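Next come two complexes built around chain A: one with chain B, the other with chain C.
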Partner chain A sequence: MSFRRYLPHYLMIAPFMILFAAFFLYPILSGLFYSFHDWNGVKAPEFVGLGNYDRILVSREFLRAMGNLFFYIAITVPLGIFVALGLALLVDSFTGRWANFFRNAFFMPVVLPAFLAATIWRWIYAPNFGLLNMILGWFGVPSVNFLNDTGSMIYALVAVDIWVSAGFNMVIILAGLKNIPTELYEAARLDGASKMQQITHITIPMLGPVLFFVFTYGLISAMQVFDKPWLLTGSSFTSYGGRRNALLFPVMDMMGRAFGGVKFGEAAAYGFLLTVAIVFVTALMFALRAWSERK
Partner chain B sequence: MSRTTALRGPVTVWTVLKWTLAIAIAIVAVFPIWWMFNVVFSQPGEPVSLNPRLWPTSLSAGIDKIRMIFTETGYLGAYFISITYALLTIVGVLLIASLAAFEFSLFKFPGRRIMFGIVMLALMVPTAVTIIPTYLLTSRLGWLNTMQGLVVPGLASAFGLFMLVQFMRAVPKEMIEAARLDGAGHFQIYWHVALPLCSNAMITLAILTFIQTWGNYMWPLIIGTRTEMYTVGQVVGMFNSPLSHHTVDTVMTANLLAAIPPLLFFLIFQRKIVEGIAMSGTKG
Partner chain C sequence: MRTNTTLRAAIAGATLLAAGGAGAAFAQDVTLEYWVYSDFAQGDALAMQQEFIKEFTDAHPGVKVNITGKGDDDLTAGQVAGAASGNLPDVFMNAQHIGAQLVEVGALANIYDKFMALPEDVRNQFDKDALATCMPKPDELYCLPYTGFGSLLFRNLTVLEKAGIDTTTPPTTWDEWFAQMQKVKEAGMFAIPDETLVFNSIGEIYATSGNSQTWGFNWDNHTTRIDEATMTKVLQKFVDMAPLNTGTSRNDQATKDLFISNQLAFHTIGPWVNPTYEEAAKSSGLKYDFVLIPGDTAGKTGGVRSYEIVGVAPGPNEEVAFEFASFITEKTQMARWAKLLSRYNANAAAMADPEVSALPLIRVSVEAAHGAMDLAAPYFVDTMPSCYNSTVIDYASATTDGEYTPAEGAKEMIAELNGCLAQ
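Then we have the complex of A and B:
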């Protein structure tokens, strides 16, 4: 009787829940199954226990990808927030039309597809005739092959990354700035606080939750970076990661194992390893926040 | 906006500095896009190094390049695939997510909390863990190199549901009751009462879905392996690959054409886009 009463509700959520179960829940479970099997997509999956996980953890590519990832995250996440906060404060210091103008200008790269950002920047980075080398040339700096010199490749990626994502984070921080009560600044000014003091003592503490979101979200997406390094290095499934794997990242390694090496079991296991790492980092972030709020 | 008084004052060193800085950053942000535009709209064959391409020089040369790329390469087909992919995804996501959001936000029924909770957990699961098994499922369904293979697996958007639920919660319960007393059926209440009230959120979600689908590179890369299923992203990737034989002019034309739809969307809907992102960030 009660089921009949609720039937209209279930019918309305059915399309979402069925698709969700089929293309989200089921793949996760089947991925877990494949991760314990050796499978090339054709022959029957063969159970190998933790063999896939073992093989990944000791492989040279995994270590290289993880090393790159740590280095990349350590630069791009803090620098990205710093730049975004700076942009937000800058836009906020303007009013009316100019605030809108600068906000839109800074935001414009965000709407471009990431693949496009990577391909445009490949031309800017190009040796000899690229825009960046041309500008450096005016100052007498010899041409640098930014995307083939293992010393500069990660920094080249970070620059593209910040070019793309700074505007996104800026918009979120700007929304946070709007929620800070004006009286706080007025009180601080009456107490003789300088602009810098107002920023460090009012703006940044009041932005705490927003900055936490931007930081955590940035961290999670940086851990899954794919399009930008893939296209900056001109990768394909037969050859990826750039010179000496200097721009090899975990998701690239995973995709390469699946579609280059046709090892779907190993790739599924890779996905789970990465998820465990991401869940761990996210949990750590929330624990840190709870701990710092208690203090 | 009044809080900006904290940083405002008469023309000082600070004012000059902040304008210089803002303009310099605006140039860095916009110049690569402007430069791409200029390379396309200039005489072909000029070496880029001799001409920094600070402004467009030839409209007709640009139009010729665009015509050439549409007629002599598979670009037009890819454009068609990408637009179809984006439109079908938008329609599907909006319809399916709004139906579910209507129920989850306005009604009580057994299993509501647990189902909604599971979907919200999905927001935290990285794509990395689902992409390979979802590919394997799609391939087993025989959907590789098909439009349904591109579209259907992405339709149950947890983000879309989350966003619409936030909005539908604000629909007054009295309006629903009033509609029911007037004899409206369940679906009619959804269609005539709830949907019109959150048309703003629907538009924002549509725009964000468009930008995301148009920019999706990884999924089409593995689902569409045949040239006739290539999306704009893949074609742009091919033009830019180290093995490509195309000149800078052609490659930049390919890039520009891929940039135009999202840039147009942005110029038309800038407020909605910015608000949508700000909202997803601050409520998330």
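Then we have the complex of A and C:
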């Protein structure tokens, strides 16, 4: 009786559920299955228990990739939000065509194909001739090898990442800014609050849920970073990660194991480890958010 | 003599097309998917490929060939995924060192019997060493070697002259070459790119001291063939070159820019960079030449060699796909290809064609390929793990950075490589 009653509802959610099951659930579950097998994509999978996980967890590349990832996340996520918030406040202070101009200009890198963005940045970062080194040269700074000097490579990546992601985050924060009641600012002004006080005591607290979304989304994206370091270091399936693996990240290592080493079982285990880590971090973020709201 | 050679080639070509004609009977209405490197599917190279396709399809009514250009990684990913999904292209290119991966996933058919059925004249056209690299066992042949390279030493003559170096005779030994590098640096210019950044350039310098027998893999016991004493010597060379280099890899655009703008003296790389330098010579007066990479002793050359391969996928179109593969790798086509692009290839008969061998880049390339070290031999035996190249690069860079002495670096590198191969 209740099934018949809710049949139209089931039918309405069926297209999503079918697609979700086919393109999300099935790949995850089959990935989990293959992660316990030695499998090259063609031959019959051979059960190896936790062998794939063991090999990954003790490998030098995994440890390096995770180290790079933690460092990268620690810089790029907070800095990215800070820049996006700054841009959003800047754009919000304009009206009319200037607001449109800046919004579009800052959003432009988001729609740029990754390979094009990487090409532009490889040219900007090039030693001796690159735009950045030319500018540094005007101030007497010697040429910096941004993409091969292991001390600067990760910062070079962070700059590209922020350049690409800031526009997207800015648009979301801008939408949040529009929802803050103007009366709050008027009252603050009457009370003599400075612009900075208005930002810290009204804007940021009122943007809480938006900033939480931007932070969580940024964290998940950062954990899956792949295309930008791959392209900046000119990586291929047989050689990736740049000089001394300074820009090696988990997804790159996973791709190399899959298509370079033809070890799809190992790559599946890698992918599953990453999925678990992302789910755990996301759940933790939501739990922390719920806890702070309850307080 | 030349008429005789031409006549033999014409007969061989006609035989191939005739064999193809026979094949056409069972190849009616077949569409072959043909994947090539993206630079083979652009401009003059594409026009030439389309000409080959037209000649082949004219001789094989009912056969259609679709050519698709793809980047290096897209080729590999597409072929590996295609093998898994049963949706492989029929004929495809890839690099020789990817061959074992493709064999492992079943993307490459064993074409030995078909190859042996070709007329002897056609079989003998191939460079014997190049063909042997496609044969992990006497009765297994997984590719037809196609275009290839032996690394060359591109020299910026303006830079060398500014540094007071006589450019009429290229350096014949490592010591002579290194002395020139130092002179270039003293004159305030860059001598060479950072050769530790790319696996191939590490191989190029290793080959100045080592050879194919001390490089590559021992698949019987899954160990590296790299010799510790040789690697120690080579790592010392990287340390010595460190103050002289550009900090950019041989593949970086910045390296080419430095060379073109007369700030870099030497560039070790394959012949594919020549069109860029040729264009710069025309447009900005770049003065350069290309010579063999000198080894430790006179007569020994450095550099690595490798080939692009043409493979055939197993399946219902295998017969006609092989006919197409053997047609495009046959002397007549390869000679036209070489003349158009000045690129070395594995058809020795085409390379010996007087019109082809007269081309300076081909002449030096043939010599370079014969003296160079195999990039990752033996091929088609087992899959190189993804940790191998990065380990070599890591230890070369770390030693140059002073983290290890050359002797320590070589020892640690070999131990790590053996661990990687044992996985």
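Just so it is clear, the second predicted complex is superposed on the first by the 270 of 295 C-alpha atoms of A that agree within 3 Å, B and C clash if a C-alpha of one lies under 4 Å from a C-alpha of the other, contacts with A are read in each partner's own complex, and residues count from 1 in each chain.
Keep this in mind: contacts are C-beta pairs under 8 Å (C-beta built on N, C-alpha and C of every residue); 3 or more make two chains touch, one makes a residue touch a chain.
Just so you know, these numbers come straight off a predicted model, no measurement behind them.
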> Is the arrangement of chain B and chain C around the shared chain A a clash or a fit after superposition?
Replying inline: clash
>> Quick check on the superposed pair: does A:40 touch chain B, chain C, both, or neither? Answer first, second, both or neither.
In response: second
>> Tell me which touches more residues of chain A here: chain C or chain B.
In response: B
>> Under the stated touch criterion, which partner chain does A:145 make contact with: chain B (first), chain C (second), both, or neither?
In response: second
> In the superposed arrangement, which partner chain does A:236 touch: chain B (first), chain C (second), both, or neither?
Replying inline: both
> Who does A:244 touch here: chain B (first), chain C (second), both, or neither?
Replying inline: second
>> Quick check on the superposed pair: does A:259 touch chain B, chain C, both, or neither? Answer first, second, both or neither.
In response: both
>> Contact-wise, after the overlay, does A:122 reach chain B, chain C, both or neither (first, second, both, neither)?
In response: both
>> By the touch definition at the top of the document, which applies to A:57: first (chain B), second (chain C), both, or neither?
In response: neither
> Thinking of the overlay built on chain A, is A:227 touched by chain B (first), by chain C (second), by both, or by neither?
Replying inline: first
>> With both structures aligned on chain A, tell me which stretch of chain B collides with chain C: 24-32, 222-230, 258-266 or 276-284.
In response: 222-230
> Which chain A residues lie in the overlap of the chain B contact set and the chain C contact set?
Replying inline: 41, 122-123, 128-129, 234, 236, 259
> Which residues of chain C touch chain A in their complex?
Replying inline: 72-73, 76-77, 80-81, 83-84, 97-98, 101, 104-106, 194, 196-199, 246-249, 251-254, 257-258, 261, 263, 383-387, 389-390, 393-394, 397-398, 401, 416, 423
> Can you list the residues on chain B that touch chain A in the complex?
Replying inline: 1-8, 14, 18, 21-22, 25-26, 28-30, 32-33, 35-36, 47-49, 52, 95-97, 99-100, 102-104, 107, 109-110, 115, 118-119, 122, 124-137, 139, 152-156, 158, 161, 186-187, 190, 211, 214-218, 222, 233, 236-237, 239-242, 248, 251-252, 255, 258-259, 262-263, 265-266, 270, 273-274, 277-279, 281-282, 284
> Can you name the residues of chain A that touch chain C in the complex?
Replying inline: 40-43, 55, 59-61, 122-123, 126-130, 143, 145, 148-150, 234, 236-241, 243-245, 248, 253, 256-257, 259-263
> What part of chain A is in contact with chain B in the complex they form?
Replying inline: 2, 6, 8-10, 12-13, 15-17, 19-20, 22-28, 30-31, 34, 41, 87, 89-96, 99, 101-116, 119-124, 128-129, 131, 134, 163, 167-168, 171-172, 174-180, 182, 185, 189, 195, 198, 210, 213-214, 217, 220, 223-224, 226-227, 230-231, 234, 236, 250-251, 254-255, 258-259, 264, 267-268, 270-272, 274-275, 278-279, 282
